[in-house]
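Read from first to last, the chains carry the letters A, B, C and D; within each, the first residue is number 1.
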Amino acid sequence: MAMTPLVCGLQLYVGFTLRVFVNRSVTMEDIQCYGFDMDYTMAVYKSPDYESLGFEMIRDRMVSVGYPHELLRYTYDPSFPTRGLVIDTAFGNLLKVDSNGNILVCSHGFRFLKGVDVHLYYPNKFIQRDNTDRFHTLNTLFNLSETYFYSCLVDFFTRCNRYTNLLKGFQHGDLFMSYRSMFQDVRDTVDFIHDTGILKERTIKNMEKYVIRDPNLPVFLSRIKAVAKVFLATNSDYSYTEAIMNYLLENNPNAGREKRSWRSFFDLIVVDTKKPLFFAEGTVLRQVDTDTGKLRIGTYTGDLHAGTVYSGGSSDLICDLLDVKGKDILYVGDHIFGDILKSKKRQGWRTFLVVPELTKELQVWDEKKGLFEELKRLDVFLAELYKKLRPPSACCVCLQVLTYRMDMSYGQMGSLLRSGARQTLFGSQLMRYADLYSSNCINLLHYPFNYLFMINQTCMPHEAAAQHAADVASAELARTNNTAMMGRN
Amino acid sequence: MAMTPLVCGLQLYVGFTLRVFVNRSVTMEDIQCYGFDMDYTMAVYKSPDYESLGFEMIRDRMVSVGYPHELLRYTYDPSFPTRGLVIDTAFGNLLKVDSNGNILVCSHGFRFLKGVDVHLYYPNKFIQRDNTDRFHTLNTLFNLSETYFYSCLVDFFTRCNRYTNLLKGFQHGDLFMSYRSMFQDVRDTVDFIHDTGILKERTIKNMEKYVIRDPNLPVFLSRIKAVAKVFLATNSDYSYTEAIMNYLLENNPNAGREKRSWRSFFDLIVVDTKKPLFFAEGTVLRQVDTDTGKLRIGTYTGDLHAGTVYSGGSSDLICDLLDVKGKDILYVGDHIFGDILKSKKRQGWRTFLVVPELTKELQVWDEKKGLFEELKRLDVFLAELYKKLRPPSACCVCLQVLTYRMDMSYGQMGSLLRSGARQTLFGSQLMRYADLYSSNCINLLHYPFNYLFMINQTCMPHEAAAQHAADVASAELARTNNTAMMGRN
Amino acid sequence: MAMTPLVCGLQLYVGFTLRVFVNRSVTMEDIQCYGFDMDYTMAVYKSPDYESLGFEMIRDRMVSVGYPHELLRYTYDPSFPTRGLVIDTAFGNLLKVDSNGNILVCSHGFRFLKGVDVHLYYPNKFIQRDNTDRFHTLNTLFNLSETYFYSCLVDFFTRCNRYTNLLKGFQHGDLFMSYRSMFQDVRDTVDFIHDTGILKERTIKNMEKYVIRDPNLPVFLSRIKAVAKVFLATNSDYSYTEAIMNYLLENNPNAGREKRSWRSFFDLIVVDTKKPLFFAEGTVLRQVDTDTGKLRIGTYTGDLHAGTVYSGGSSDLICDLLDVKGKDILYVGDHIFGDILKSKKRQGWRTFLVVPELTKELQVWDEKKGLFEELKRLDVFLAELYKKLRPPSACCVCLQVLTYRMDMSYGQMGSLLRSGARQTLFGSQLMRYADLYSSNCINLLHYPFNYLFMINQTCMPHEAAAQHAADVASAELARTNNTAMMGRN
Amino acid sequence: MAMTPLVCGLQLYVGFTLRVFVNRSVTMEDIQCYGFDMDYTMAVYKSPDYESLGFEMIRDRMVSVGYPHELLRYTYDPSFPTRGLVIDTAFGNLLKVDSNGNILVCSHGFRFLKGVDVHLYYPNKFIQRDNTDRFHTLNTLFNLSETYFYSCLVDFFTRCNRYTNLLKGFQHGDLFMSYRSMFQDVRDTVDFIHDTGILKERTIKNMEKYVIRDPNLPVFLSRIKAVAKVFLATNSDYSYTEAIMNYLLENNPNAGREKRSWRSFFDLIVVDTKKPLFFAEGTVLRQVDTDTGKLRIGTYTGDLHAGTVYSGGSSDLICDLLDVKGKDILYVGDHIFGDILKSKKRQGWRTFLVVPELTKELQVWDEKKGLFEELKRLDVFLAELYKKLRPPSACCVCLQVLTYRMDMSYGQMGSLLRSGARQTLFGSQLMRYADLYSSNCINLLHYPFNYLFMINQTCMPHEAAAQHAADVASAELARTNNTAMMGRN
């Protein structure tokens, strides 16, 4: 059955904020199975309302367990945090790093540290990211509110003159508050909010305010299901999944006349997946009784019935149930580690990363790409200066200013993906592990289902150099020939 | 003191086989310390003579411990193995994989498996590289001879009709020879050859035949030492290091009139480094008595004297002794894992990977880049076909043929760095961990010591798309304007 | 100050059920600090009421999440489970093992397996206890109710003819219920009951029913505090600790006229200790605000004030705060692993294990020790038979019958500490790690505080043999002499 | 077939130095398979000649690699070291500890530290044995020479006034020699001596001097083989095994008239076993070509032929080949960890520990058991003093003196198995893991093959107390009755 894309296939005509971008070529015709995460993938939360809600819950709980009331004055500022930042729990700093652990940006509370100050903390401007006991990477959009709240904490205690600033925390009379214990308190609070379900409860009560419902979602899933198998694999529990998916699909204005269960859009639904464990040994697979929302005791061993809901399991079990192999699956998720890196490295799945921030990133890039061009020109100029053995100091300052200006266009912490000319850890992971990425999974709708997502073949540095040398030579040849020809004329 | 490079600084004029290539910009002016590995870095072994020597030692030893005499008929064939291949000890296959574990090429003995056959072994055409108990990556040039010998073994037993072929090995009467035990025997043999020192002995006896002596090495090191600290850090023991470095530097025709100890070229010499352990906790640091070649008992605690030789230690100790920080060091080595990945990830050093194969890689690329261009054109054509919903099967065959032709230009296993349009594991590690790379460390001589190695800033796919859209728009605008203008005319 | 014990010091006069038993000599005069666990140490729960309560909560919750209603018919039977049993989650068996993993008793549900049947599951009658993924040891009195409930589950499904018995679980139509998943469900349910605090709530509401209040406890603690430092270290949270300790000490009829806070009995109180982690790296130490029950933010760094309550921390921190060393501390607890083994092996503390079951064990022993004597005589007889090369089969049967009769005197699973002549895992751990043990910590009151708990020095087998040989020889000598003397008369 | 033991079966008549001692009853009739280690089990090395040889080789090599020539003055002193001591590589001390890590004896070089001095190093008189990076336990008789040599080293440098004593080592000008690096040097030297085979070479050259040949060994093995399967499992290589076993069995004066291969005494011979790995995952099993001594390539898969020699493998493979289960095997070895603990804990085998030191231990015990009796009496007296609240200080000194006198009867480090009344780590491991033990494996010959090794059933402390109370009561009753009866008369 030939599919008609909503928007015609010529890529040029897809507005670039709606596009799917390609790190490794994917022939959609070969994809026999689509898997989706739910949170921030199917269900995108409204920013900054949702993050504000999370922030306030953390803040209020922290105050209620004894943190100073002055903290209540802080409100969520979406311009500050980005995903992929690293908290150094020893010194209370927030770090933006590249894939090798080199520090790109460092803030202490809301104060951004200059190079010399960064050196005081990190003599080599470098961290050993493997030390996960000390360094915590905030990989998901759910982490934005805690990232921001932790900065508020550091900001407050640093400024408050009741507290003395020490290297590893604050002293107040007989009391020592380490950055580490403050981080632990924030983590415990976040766990409390998730475990008690109070954030979910508030979300469900006010769906319109917190969850984006894309009117095209029913059409999108129907079309996929017509050509391939479809599954949902979420770490959320069944009752929340039910509430969210019901809102997205059954109550969708575009849901169509005939009432259709949201579960009928999927061949298989798996909740409580415990990703990333799901992509390794997994847990026991249980069937969910969709009437009561409770787990059936025992494990279902019969044939697959469409729309059946399971809890737990593993990616291997899912492949068995759906009778597909890793390479046949395109898995769509928002979690660079739990969804994308793990499914790629452990199982060899095709991956599609949803990056909601991309809409803004593209916008800023479009407006400010002049800065990047300038940066490139300055690089070349700087290289020339070095070749001519001239002191390049003024030029370096220029570079820093440009990088800073470029960063500031994105927000206080700069872009999710780069700092000036350098790529962030998140950016490099996106390029390594996500075959495709886009601001929204529904953007797949703009492409026919037998589309070939093709990378622009790039050369390695030595190949490019060889290429360049050849081009120059042939240009030279052409010039000579031309001259010769001209001479002839 | 201003340095005059042997070859003038404008990069264009450095022949591209002599160039240093850049993955991340490095300002040489900031480098205060140069570190060098010895084997395949300072001392490049002559290929294929040296690999042949290793191969024969392995082969003869294996026969002497009981493997069939028919194996003596095999000789080393440099056109077969490349670095970075993976041995699957379960099935006896040699694999070329990309950074995510997807299989690019698979051979069994000398037979290259077709897609369908690969699927029989690996249903997902994918391996979990983390399973190091099963999969062994052959990262160094020293591994070439054993890689080849293992293929000879598999080839022999597969063809020999005394043996029955089973999935995991060969049966011969009551005897079962698993691929795994054969691999273990090869490893044990290689260890025997290294531990007994017989390979080193043969090498030292015939230096001219096995070791390349670059006449520029003394000049190169002298120049570096004039502007920065220099150290040698090798896993070899002292006596071998002494023999090799003496040959390279003291017996060098360009060594200069005044007799100068090879040790005087270095501020610090460390042998028995046990890399990669050296970049982590390391071992006890001992001083070597250069008269006897024996270790001094105890650890030296005084000031650093130039040319002192140590054994063991760790990268942290070296930084202390030389009073430098990780970012100040450019470390030059040939081992992608032990030298480059570890010094970069654990210590944040600047890294320079020596890739002797690069000379040939560049040569082939230069000759055959037409194939790559064709590959790119075919990709575009294929994408167009998909957009127009036409069956692309013929085109796919073309792609495979082109990829195969391109691979064959490099050797039977194809390029070290790519397979058609896809990058190998080795290639991707080179790009991630080596700031600079070149076919020979001495190529640094072609650049002034305050050179800025600058990367060509690249855009991420979404940025490139935005760029492209803008270009098209402005081209369109220009066209319109032109037309308008033309209309005006 | 000389202490007058409640009961005079001559050990003989302490009824043996009130005694403290000795595995390694302890000079009480050297003990400078007493530490106590709370649950089952200070606060002993009334058996079987408390276990019944736990059992019913587990049972009801399991039924409410979907397990068959028929399970409601089961009630707690205190004669079945003992501490220290091992669940084999693969086959659903309950095992009693010795310290080396040899199986002493094996039940499947309530059916006790005979030797041949045990061999079917365990060909070597042996388990590798290290495999903690498969084998779960139920070390605490809290585990009794789940131990029993798991046996009820296995019993029910084995008998119910709706289910087919398979090696690793039960099949019911399309549903497979593995022993492993059933065990997981029980564990999850127990966690639910503890995490939600519903068991604690019910306990607090009906203290009289569930908690034994020893009238001597205030006197006991006062006396100790007069001669040494005293601390409480419990894994329970503050509010539960407050409720329990208040009941035990402040509402105690013997509390004395003057109202005295329970906290004043201790120099230091630590809740949320997370033992066994507490004896290793521990967690952050926080102060508890005893007015609100909430944690103070930050860590207290000042001097120690008596009765201050902390949360978390580690044994090292406690030693620092109290200024004592490991050997100065006698730690009294009921958890063989979390309290006793860890404090002994990691910290070198003196240990006192509370074994409430000991009252009954001693009672049975007293009544049935004739059986043990008989067992010993039978052993000797058997050995004689072997020496005389006679077939001992009838005798072996006798031994089994005797062992069975002895076991049955204790309960269905036999004694906590032995099975016939062989010691259980629990028994051997008690002897290795507990310096002292008793049925109740308050039994220490029967001894003066400068008492010397002395072991009866025992010989190793070869020493005993040498001893015996000497005794025989001297007896022989004596006999000869006697005869001689008699002859003289 | 009924066996006639060489010595009649009544245990009393077996001289106690020839006896087998029992920790757990073993019915020999059930043993279907006997396994033997070779070194120090079948082949007992002559003490102190063999240890002296090892000592001299270590000493000479250390001097030849640069340690001071004065060390050559040291000679081996068998009265100093015992097995089971622990080296603290941080402080250079030699420790004798109990099973929980409490320090019993501590020497620095040859100086024995008093209590206060021990406290300076170990404030709690306790070590965390788990820290195997710091603490090395010297478990085998092979370790005696290095134990002694390490003490010589510490002794020399401590006394030599060229060196300054520091906490962690010695300073000499610019050179620091840590205790840790000195320990590493000794270990490396020992490895060198074993790897190069020079110790084995010297042993083989002078068998009479170094190896005890028991004339009864052929008879012993023949008798066992008549009733059970027999295997040899040694970590030694084939050529050494061949030399030793040939000397023990073929050249044995009692070997009998007909020439019989030593291999014919065994059903299976396994060399290169790599115990303790052998009792876990093991290595590849290879057949040894007994003509050439080389490994056959491949793995033998056919039936078992008596006397076949294998290399590698694992205990599981051995059970398969011999068709026996763990409980059917009695494994006889001298290595408490590699042979006994591992085979018992991982595989549930029956175990027999050979303790050559036992001959002397028994001799000393026999002579000095009066001291132990005195110790026991003093204990009782001390306990009485405590009860009567009298200062026991003089008595404590007495205890220490007695303990010291008892220790000195065994040697400078005291007994292998105890220190005064307390058991060593080695002693407690012997009791936990060895079912049987004896000074020589051949002592089994003194028992019929259907013997029942029976433990003397012992009571736990609380059982003994109950027993005692009952005895007292019945004695009291008897006395009363007697009195009554007497009254009647």
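Everything that follows uses one rule, which is that contacts are C-beta pairs under 8 Å (C-beta built on N, C-alpha and C of every residue); 3 or more make two chains touch, one makes a residue touch a chain.
Molecules present, by chain and UniProt name: A, B, C, D = 5'-nucleotidase, cytosolic II, like 1.
Quantities reported herein were computed from a predicted structural model and do not represent experimental measurements.
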Chain at maximum distance from chain D, centres defined as averaged CA atoms: A
Cα-centroid distance, chain A relative to chain B, in whole angstrom: 33
Length of the line joining the C-alpha centres of chain A and chain C, rounded to whole Å: 50
Distance between chain centroids, defined by C-alpha means - chain A, chain D (Å): 60
Residues of chain C engaged with two or more neighbouring chains: none
Interchain contacts (touch definition) - all pairs: A-B, A-C, B-D, C-D
Complex contact set, residues of chain B against chain A: 2, 9-10, 12, 16, 19, 21-23, 25, 27, 29, 99-102, 123-126, 128, 130, 325-327, 344-348, 358, 361-362, 365-366, 369, 372, 375-376, 379-380, 382-383, 386-387, 389, 392, 417-418, 421, 423, 427-428, 430-433, 437, 448, 450-452, 454-467, 469-470, 472
Residues of chain D defined as touching chain B within the complex: 65-67, 169-178, 180-182, 184-185, 284, 286-287, 289, 294-302
